[in-house]
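Read through the structures below before going on.
Look for chain A in each of the two complexes below; its partner is chain B in the first and chain C in the second.
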Partner chain A sequence: MPAARIMNSETARYLASRLVTTVLIVFGAMLLLFTLTTLVPGDPAATLLGPQATPELARRFVHDMGLDQPLHVRLWRFFAAVLAGNLGVDIISGRSVVSIIAAVMPYTLILTFSAIGLAVATGLPLGIYAATHRGSVMDNVLAFVSVAFIAVPSFVIAIFLLLIFAIWLGWLPVLGTSRSGAFLDEFKRMILPTVALAAGWIGFIARLVRASMLEVMGEPYIRTARAYGLSERIVTYKYALKNACIPTLAILGLGIGRLLGGAVLVEIVFARPGIGRLLYDAIAERNYPVVQGTVLVTVILFVLVNLLVDLSYSAIDPRIRREAISSAKAA
Partner chain B sequence: MPIDLNRRQVLAGTAATGLVGTVAPGRGAQAQTSGPRTSITVRVDRDLTNLDPAERIGPGDGNVIRTVHQRLMKQKANSAELELDAAAEVTQTSPTTVDFRLKPGQMFTDGFGEMTAEDVKFSFERIGLAPAGSKEATYKGDWVNLERVEVTGPYAGRIILSKPRANLFDIAIGDVSGCIMSKKAVEQRGAEIATKPVGSGPYQVVSFERQSSVVLKRNANLAGPKPAFEEIAIRFISDPRTTDLALRSGEIDLAVLSPSGAEPLRSVAGLTVTPEPSIAYVWLGMNLEKGPLQDLRVRQAIRLALDTDQMLAAGYNGKAPRLNTLLPPQILGHWKDAPVYKRNVADAKKLLADAGASNLKLKLLILNQPAYQNMALVARALLAEIGITVDVDSQEGGTFWSSGKGDTGKNLDLFLLRFSGKHDPNFIMQWFVSDQVGNWNWQRWKSPEYDALFLQAASELDKEKRAQLVVEAQKLMDKSSAFVWLTNEVNVLVHRAWIRPAAVPGWIDWQYDSFAASA
Partner chain C sequence: MAFAVLAVLRRTCASLTGAMGFIVVALVAILAVFAPLIAMHDPDRLDVLNRFAAPSAEHWLGTDHLGRDLCSRLVHGARVAMGVAVTAIAIAMAVGTMLGILAAYITAQAERVVLIVFDVISSFPSLVLALAVVAVFGPSTLIVVVIVTVTLIPHFGRVARAQVLALRSAPFLEAERILGASGTRMVFSHIVPNILGPLLVLASMDIPVVITIEAGLSFLGLGVRPPLASWGTLIQDGYQFLSDSWIPVLVSSAALAVATLGFTLFGEALRDAVDPRLYREH
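Up next is the complex of A and B:
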């Protein structure tokens, strides 16, 4: 069988198994979530309806939300509705949960990918520099700065950035969104939240790339490449960096997943809408349809991003491709 | 001199120039702080979620709803006193009937036509009288005693009650539940009316973005006087620190902050900081059904051991006025001679000894906010001096607000509570009647005398007699020793000096349409 066809069938099998895993993960996450909603203290009717609610209204509210049903019935109804493309209705505004998530999702995606993009664009060269100048003053300075960035929470960085760039220098705005819709204005408002979120990841990626690079630079094939007389630039960037990037890619997958729902503090500091903040508010309000919908979307995105990362390994590393083909042949 | 640039240098240079160009125009990034302007941005600390008068969530929603819709009567600027709004005439023809006549030519926005008495009937009855099989309005209680609304002409009608009601005008006709909606628009837009309201008021909603902002634009077809600002953007900013910075940078023009949050802004040029007494009320409550707290002497001992002024100093930097009874001074029926309890450790210890209570361990439930946390720590220290060990239980909103519900409420010991008020004594008193035990009466205090006084006051149309009934009710609360009144809080208003904001006293009900700019 030609290698390409073996590869394709193996990829298809791999994708299928990952798809099954994805479904299981989503199901497990939702099962956990539904179980938690029955355990967590706090009456959604009291929280949302407030003092004006009559007991009859509170009972109807609980019934409308399906909270008077057993766990398995609620779970079954939820997945049946999801398969029909329906995530339910926000019990506060009466709007569909899909439309609410769709409204905030672009803010989250833009912030997540710009932060990760900035982290890679900055952390990668810093990590390479530190690895190629091991033990130098700059390497030590970068180590110190990287650890500091990792250790300081993003919302603390956010507040300092605001004080420096929005208040003292007056270069950038405080609020993370505007109602003008103008590209330049929105771009300016993106800078500080992006930097605040990216800072920790810059340090993390720089350290990781440095460690991976140092490990890879000691590999026999790098020595062989040098022995062939290849320039240090080609050895570093063409042969060492590619393999050193694999652990970084794995971390990036997790990072994107974390930022999708975990940028809540930065979103609060910059008064910026986002999926993390939506989830946070919905939990505080016991607005279960929004909680369920948001968690479902976040879990799916998380799993998909990590699936893409896994697939990208084989594109980068031919050994992984070959392993896939050998295992397919053996099967 | 020849310039030798390679491709990388050109790209790097272009990127750097672009970045500098983006951020370096200096203060161009900031909004204009000088004024007056035709548009302003105000901050709210809770997201606006539902602009349907029947289903609104908080005062922030209500403030927008009142400016988008007209009512038969509305509050005068910076006052709780009512004046005619959509109505040319409103007359109480008997204790249970109110006749009204609308001004002709009041047009709903978005082409939904002229306001008629049918719209008034629809708007009031959809809240007060849920049609069979349809969902009961959250704010049904605002229209309690409503029997029906009769339409007697295109612009005329009659509100008919099942029994007299003293606060009909303050709570229903003149407030959010009295907003007149377009029947046609509600039927056509369905659930969308919650975010795309149709009214005939001074402003209309032109943008509603969850977690971000609501933008109001002056209603060009408004029949009456036009509001001062062409546009008001209402920004949701939950974090007080971000609010502080946005006020400094000029991105927002007005916000209400806590005393400690507003203090640093006093020195900022161009900002005015004004404390406004609130009509919210905060107290430390005791569960009368729980163990040793069933004994009146234990409750009296706790009241004597606490020092309200010390607690307020910790919670509000000493900037919030002390409250000695349920109703603050702005409300009809305020008990001005209410006792002002002073801390007396010796008497408190004696009361505990008489009650045979020793080594008491109590839990103090609070909402996880700094003001309550600080007050709770002071209370713990003060009560420790009379031998009561207090465990402070700080909970987030969802858990906290459910703690007094049903049988769960039986487990409470002590708690710090804050309720929002309205300019009506019965509205404020309602949470302490016996029927509210297991709901909002967390003290589980049952007093048939209080319940009777509450009902009498609710239907007493004579103001003086009503005020006396309300004072008597507060005396009963004092006698129970289940309440240690703390403060009716203070709202500190921070705004550009050229803005003249407006609100019903207490600064819970903002009047966007009466905001003005100084010349």
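Up next is the complex of A and C:
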């Protein structure tokens, strides 16, 4: 068989297996969420309507929610509704869960993306510097700072930032978002949450870029490039950096779950609106449809980003794909 | 055996960061085990007239919003953090290792199912999943332990499986098999002792992760229930009364930061001392 044919069929098989796993994960999440809601202790009507609910009201509620149907019918209805893009209705305000999530989603996405941007913009140069100055004092300092940033939970970093910049120095406004939509004010309010969320990733990326740069710098093709008399700058930035960036891309995918979890806590520390705040409030109010919808959307987002990163990763470096296939075959 | 452990420990503490990590780990472990003997006050005793007291000889780190001794609460917090971490990791390690060994020995189809289940579990954003479970069952320490255990099982399962696959065709195992050793004997007398080292390193690296999840959930009021002193609930208490005093928030956040950093430094030094190549993929 010609080499191109083999590649194509391998690519197709890899794509297919990744897609199947992704679908399985989303269905698994839906099943889990459904099971959880059937396990809610006590009578749902009494919990949700409060002690003053009359028996008729409770009966109508149970009927409206479809809770008097057998389990398999409810499961089927739940799956059908979710696949149709219907995540149910907020039991307190009566608004659709999809529209509530859509309203707060931009806040979380902006926070997450600015954190990723800041982490790459800071971590990448730090990693390159550490790799090109291996063994220097600065390299050791950076190594320690990176571990510290990775190890210390982001909500603790958020609290430290809050103490230093808002309480002791009084430099930045901290809590909430700007109501008027004034750009500068909103920008200032974004600084601390973004830094808190990005800190761990700065450490991750700096370490990873350093390690993969050092690995790549030992490769024969770099020696060849040097032997050709190319300047160190061109060798470092044009040849070494390009290959050293691939693992960074993978980490962005793997870390997204950590980042979403961190965003929940950071949003709460800084009293910002967003998915985390929504989920937190919904749990406090026992607003199950909102909890269910928010968790499901988060899982889907997470899985999709992972899939995208995985596919782009294997497009950049075909060896990954082949490794994945050979390990699948060996299994 | 004891000599080998000492040798690994000496290599772990050879670097400055490894030694720092070891000191923190030892300190937290001692605090956790001997908390009632070390704490100078009852961590739950209220003294409302004496709330937000400044640090003094009586109360080394001052008191919180209910006049409880902050230092004693931090000491007992070490006990909660270590209790949750050790319980969850021990169960996850036992279950994960068994599944991993099983996956390496069963049919290819069954193995694939186990691996997909591992993939599915590790593809969940665990904190968000934890929030969904807490929303239904209400917060409790037990829920925290269960969630952490489930998310950690694939960690141990994958490493155990990879180790067994590498070990399977080793001559001494072949010899045992030819001599007619039973499956149980093979697993418990030969395989488990040989793969235990890497699994223990993994366990030490998971401790700060578990401490972070427990503290995060407790900080949200969705983990350990008050009045039990967890570092997360201490930070939450302090955060709510930030306008009265910043000392409780500062000392409890600092305790959590030092502990997670110390355990991470120790875990990484231990990994490097045992074999750095083993974990590159994780």
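Things to note:
The rule is short, and it goes like this: the second predicted complex is superposed on the first by the 239 of 331 C-alpha atoms of A that agree within 3 Å, B and C clash if a C-alpha of one lies under 4 Å from a C-alpha of the other, contacts with A are read in each partner's own complex, and residues count from 1 in each chain.
The definition used in the following text is that a contact is a pair of C-beta atoms (placed from the backbone, for glycine too) under 8 Å apart; a residue touches a chain by one contact, two chains touch by 3 or more.
Predicted, not measured: the structure shown is a model, and the values here were computed from it.
In the superposition on chain A, A:Gly170 makes contact with chain B only, while chain C stays out of contact range.
Legend: residue contacts after superposition of the two complexes on their common chain; A:Leu36 is shown touching chain C, with no touch to chain B.
Touch criterion met: A:Arg60 reaches chain B, while chain C stays clear of it.
In the overlay built on the shared chain, the residue A:Ile128 is in contact with neither chain B nor chain C. Using the contact criterion defined above for the overlaid structures, shared-chain residue A:Leu192 touches neither chain B nor chain C, since it reaches no partner.
In the superposed pair of complexes, A:Leu142 makes contact with neither chain B nor chain C. After overlaying the two complexes on the shared chain, residue contacts for A:Ile100 are found with chain B alone; chain C is out of touch.
Within the superposed three-chain model, A:Phe270 lies in touch with chain B and out of touch with chain C [touch as defined at top].
After overlaying the two complexes on the shared chain, residue contacts for A:Ile159 are found with chain B and with chain C alike.
When both complexes are aligned on chain A by C-alpha atoms, chain A residues 40-41, 159, 163, 167, 268-269, 283, 286 touch chain B in the first and chain C in the second. Listing the residues of chain A that touch chain C in their complex gives 21, 24-25, 28-29, 32-33, 36-37, 39-41, 144, 147-148, 150-153, 155-156, 159-160, 163, 167-168, 256-258, 260-261, 264-265, 268-269, 279-280, 282-283, 286, 288, 291-292, 295, 298-299, 302-303, 306, 331. Residues 40-44, 46-57, 60, 89, 92-95, 100, 103-104, 159, 162-163, 165-167, 170-175, 177, 179, 184, 187-188, 191, 268-274, 277-278, 281, 283-286 of chain A are the ones touching chain B in the complex.
The touching residues of chain B, counted against chain A in their complex, run 22-24, 26-27, 29-31, 47, 49-50, 52, 55, 57, 135-136, 138-142, 191, 194-195, 207, 209-213, 215, 233, 235-239, 241-242, 245-246, 248-249, 251-252, 396-399, 401-402, 405, 419, 431, 439-440. Note for the complex: chain C touches chain A at residues 17, 108, 111-112, 115-116, 119-120, 123-129, 131-137, 208, 212, 215-216, 219-220, 222, 235, 239, 242, 246, 249-250, 253, 256-257, 260-261, 263-265, 268.
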